[in-house]
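Structures incoming, each one as structure tokens.
Below, chain A partners chain B and then partners chain C, in two separate complexes.
Showing the complex of A and B:
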């Protein structure tokens, strides 16, 4: 089937992109000043010790040997050993992935659930109070900086109202669901919801505002087209005219933006993660940059880059599903 | 033949930032059972808006501000005879005075519409079959609930739609409707309708798509089909096919068609009676013979003069000088709107002109002389042109210039040509 072929083709292309990411990330280390051994070895290390560390890490090998070692390592899931933290880089990185994915998906869900209805209401009640409220909200949302919003939400909902926790992630969604299924205890889910609400809103606000605007203008555009008149002329209920006909076409560009944004959320939640002490990839990248922990930096960047590629393939597939005019070749 | 539709003194306004636009200004006409009534005019003359006003599809910032639309429907007349006696006259009901829900429920079984550009008039992301099936389904559901006209289109809210689209096997369109859609596609001459029903609009050619559009419009078996420039976007060879199809269907189903076009060739080929529109008014109406053989209004004559004649090819056509006037209320005076372009403008044309019966020369309107067959909004219907009263060539000089830049699009599109 052509759709399956389309997916396979895009995946093969994706592999090349990921390879490119790996190469750039690998070369990054050699283009930045500073010798990694300086950060690993004790300050008063003798030249012999430094030499031994270099040999152990393979840093004395020619560049291409190091590159192929790194590549073959990656293929077996080995991202190198992080001397500074004293663990395998891959172990540390993949321990952080669930938190980041959870937050990105939660923010996207918040955005979709709020922005699409809001955009539709705004477009169908153009120049009415509801429309002005939605437009004002989206303007405010686009212009509010993340860190400020996060801190304000914490001050109001956590500190003043004592309504939600200020920070941290005591439980992951997977564990929480596991507990719920196995023992029927829903306390874990509640705890998870309490902790993710503020970060998800913080991270999702800009996104919500953006998609609200997109939906509003797209919907206004679609409602002005003559197929909408035709749908009304044949007597279709207004619900179907709006949601089945106009909204469907509005969502085509919205899906593209959603996908691109979900990709950025995975890598770009650094500030939000910092504000809420959220143990995700963003904080890990920052920390490892501060300590020049190269295996961790490289590993994080590769994971972020690969998920960006993966999300884009998924979005392309979804796009092809929603828009029948896409030709798979 | 009886009338199915009587439009009286219809007025539609658009409230734009530049001011009020009088797109339709006191339009009256009748449509009879099983006839094709043509409305012809230049772009921007208000012919589409007239049709949209009749079937209540005018969108904000536009609004139908006055007039009556009497539609013959014995059932509706009985239903409202007690409740709203002012909206009922014999078997006729005045659509403008009926509740909105009732008017809406008439879309499909009473009125339907074929639009100009089939490519943009079908939803690009829904299969053609599904779109036709929807139109069938609306009427199927309405028949299942015949007691209340109001419940026909209402009562299908967002919640129901969400449930229907999420739960498998609960789609809006039923299998029967889908089968009926395939029958309709076959009826309008689409080969292999079962396979084509599964295709999307972009997989159709323009002519096939217009056939599908017609199938969709026929789904509710309408009494009146409005065809708004149904062939303008198509190749000349396809145009004839579509026109023939429309006429065959009209005869088979015994429906009436309101044919809107700028093409006098289409009018000559299809219509029984014709209304000529200019600047939001019907300036002349009558039978095909009245209009083509015996036109009274200089605008009608001008239109006919701009058709190339194959028998006697003269080196140049005679176009109508000038442009369609701006329809902004503030710029429309109480005069014949064509006077500034009219070769026979006289002092009498500076007053607003009522419709005259061209035979008797009497005024038509307010129920008087309503049966008049050939009418014209022109003083020439009552008297001969008198050169002594003629307005000078430069009488409207400054005015015509002032309205020029307002409507550049109209100027580009104003030619009225025939390909028949």
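Showing the complex of A and C:
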């Protein structure tokens, strides 16, 4: 099967997965307690006012009609309107995507920059202090709840040391780069770095620890294989043996995990976003759940689910680059 | 040897990487970001200097430092949530109110203690039992420079009460209860506000609700534009609006009163209370809302921050359904009140950020009865009343929301704990999702309501009627009680134009409610804020935050 056919096949599968997500999320709405009208209308609103609101929002329609309307709307990019503010759900949701993607990517970068060198050192210096330190670090990282880590980082680096800001995202990376390109002013980039550092470390720590362990075990496995002995026998420098041959093969499972984790980070940044008042999808989901703003909840979950599907397809495609032996079927 | 050499190389490379990361962090942490003011694109607002606040931080506070260097007084307020849009007539939440009230104002207003004062109307009178006359102030301009007219005031009131005006079925229509329309008075700079009958509440309602918009501006823009732009007469004008993130304002120099002391204002949000507190103590914001009692000491122990607490307009109570046993019995309901030590709950659970109540109307409201004290804590009396009621051995369950009100679950647990101290009643807590609980309370059918529940009620009108009618009259939207005498008293009060008589009738109704105990009377919630010492500001009773009242020390 050609690469193009593989991508088409996976994309079609992805569409069915997203449809499944849409259906499950839509049905969830009817199985959870709490009438959205309770949050829209004042507590002492008359039954007539409640009825009027229900009619305006289409909540008095039969379930299948609401489902069909929602599906047809989605096909045209219409995710409905926020129950609370009356604004377009799609506009609200996509305005939040950059912040979440920025955070997820930054956390991934933090993880890669720290974990892969750490994993390699740990594997090549097995049973030495560096290995124990790296193993301990990864154990601690995996065991630390990120809401606690986030709060601690804020207390130490922002509140006590005044080294970094506690929270918020006053500028996005796109905007900062735009200013840099147009005016040569790097202040926006610095400001962005100041604000994203702690959230990225918080979100990336678990990931860092995971990839460190994965890299270590993969490297140990590869370094014990015969092709490594052959490479050494040929007189290749150890650096090339480790980084060009062994590490490249180690990266195949690492890339799989990176891809899956990037999807997880996009969907799982909820707590980190709340701790750092980061205006991404996570905080929007929480606020929307608190007010039963179902068009926003549904839209966010669909975007998160779709990003999972997309990232997985992209990861599969990346295999070809990393390992030409991969056969698409 | 090769391994060692390679190890050294690896270490060096690793250190290079780590050094790069550290340098990045150091750059982020230490760089002088004096260029921050220029990071906003012009399209996003010309005045990013509104961002940041507080001093003492070398990161976000750089704005403030810049502002101080330029003599500008910039203030940031952090709420729990942002707005649902900027249309002043298209929302019901306090969070949106606070964002909108910096730009819009009504014909009448309230002072910090809740007393009615003039706003855009320089004079007001109850011309007839069903008519209030507002004399509109001259020399007031909207932020677009156009002058305020009586037509704008009438249009704004009509836009709220009449769904055919201004392309909006306003969710605030019931806030102006009884008011049917507003008319410009021929030949005078005045507006008559008409009610459908005797409406002694009208002036009070107009002081709490009814922001004034410019008719021509509303009619020439669609709702989406109105929800993301602003054109009021208030002390601040909109400079930058990023929905769900922040709202930035600048002082309106042509304001009809003295221009505000604050030059630039930013309102932003953080849903986590600990995040808000961190922002405050780090000097990144100047006012934060909803400080939980456990964070109070952290704020007070910081030399540049303080706690501002004020009794709010919200009462917390336990409703008991009069139509089901054992709550149908008067002795049993009174016993529940004697069983709960509300003063200890106020001091221990709420850290004294609350007042004990003994009647539905709060102190300072029209109709409050100063002769009523909270029920005393008397276990013996409670047990005796339970025995007399014939419901000894009763098992009851308290339905409570979690996280909706200050320490709501802890209050419910304390109440249940006290009742369990009685030898003849067994109580338990049922933690409920607020939406589900509120849904059961608001169906209009008493049989859908839990038998015993904790709920809170805010009343910004400072008038007993807006508590007694919805919560305790037989037809009240949230009532789980019925008493003919009480209904009659409230009805009489609603039909009299005599203020003294009205007050007296409400006081009598409050006494009856105390005696009949349809609720376990709990506490008046406080609004607890954190504030920076770089601003002079006092919290208001009506839960609003008016940046116009903020001064430089």
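To be clear about the criterion, the second predicted complex is superposed on the first by the 326 of 329 C-alpha atoms of A that agree within 3 Å, B and C clash if a C-alpha of one lies under 4 Å from a C-alpha of the other, contacts with A are read in each partner's own complex, and residues count from 1 in each chain.
Methods note: contacts are C-beta pairs under 8 Å (C-beta built on N, C-alpha and C of every residue); 3 or more make two chains touch, one makes a residue touch a chain.
Every value quoted in this text rests on a predicted model; they were computed, and no experiment measured them.
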| item | value |
| --- | --- |
| Chain A as common anchor, with chain B and chain C clashing or fitting | fit |
| Touching partner for A:216 - first (chain B), second (chain C), both, neither | neither |
| Per-residue contact with chain A, leading partner among chain C and chain B | C |
| Which superposed partner A:164 touches (first chain B, second chain C, both, neither) | second |
| Which of chain B and chain C A:239 touches, first, second, both or neither | both |
| Touching partner for A:227 - first (chain B), second (chain C), both, neither | first |
| Chain B versus chain C as contact partner of A:125, first or second or both or neither | second |
| Which of chain B and chain C A:183 touches, first, second, both or neither | second |
| Shortest CA-CA distance in Å separating chain B from chain C in the superposed model | 7 |
| Shared contact residues on chain A - chain B and chain C | 237-239 |
| Residue ranges of chain C in contact with chain A within the complex | 2-3, 5-7, 9-11, 13-14, 17-18, 20-21, 24-25, 27-31, 33-36, 38-41, 44, 48, 51, 56-60, 81, 83-85, 90, 92, 169, 171, 174, 223-224, 227, 243-245, 268-272, 274-275, 278-279, 281-282, 284, 433-436, 438-439, 441-444, 457, 470, 476-478 |
| Chain C partner contacts - residues on chain A that touch it in the complex | 33-36, 38-47, 49-50, 52, 56, 82, 84-87, 92, 95-96, 110, 113-114, 117-118, 120-121, 124-125, 130, 151, 154-155, 157-159, 162-171, 175-176, 178-179, 183, 185-188, 190-191, 193-194, 197, 237-239, 242, 274-277, 279, 283-284, 286-287, 292 |
| Touch list for chain B against partner chain A, complex | 52, 55, 57, 104-109, 111-113, 115-117, 120-127, 131, 134-135, 138-139, 142, 152-154, 156-158, 160-161, 165, 172, 200, 202, 213, 216-217, 219-220 |
| Parts of chain A lying in touch with chain B, wherever the complex brings them together | 225-227, 229-240, 243-245, 248-249, 252, 322-325 |
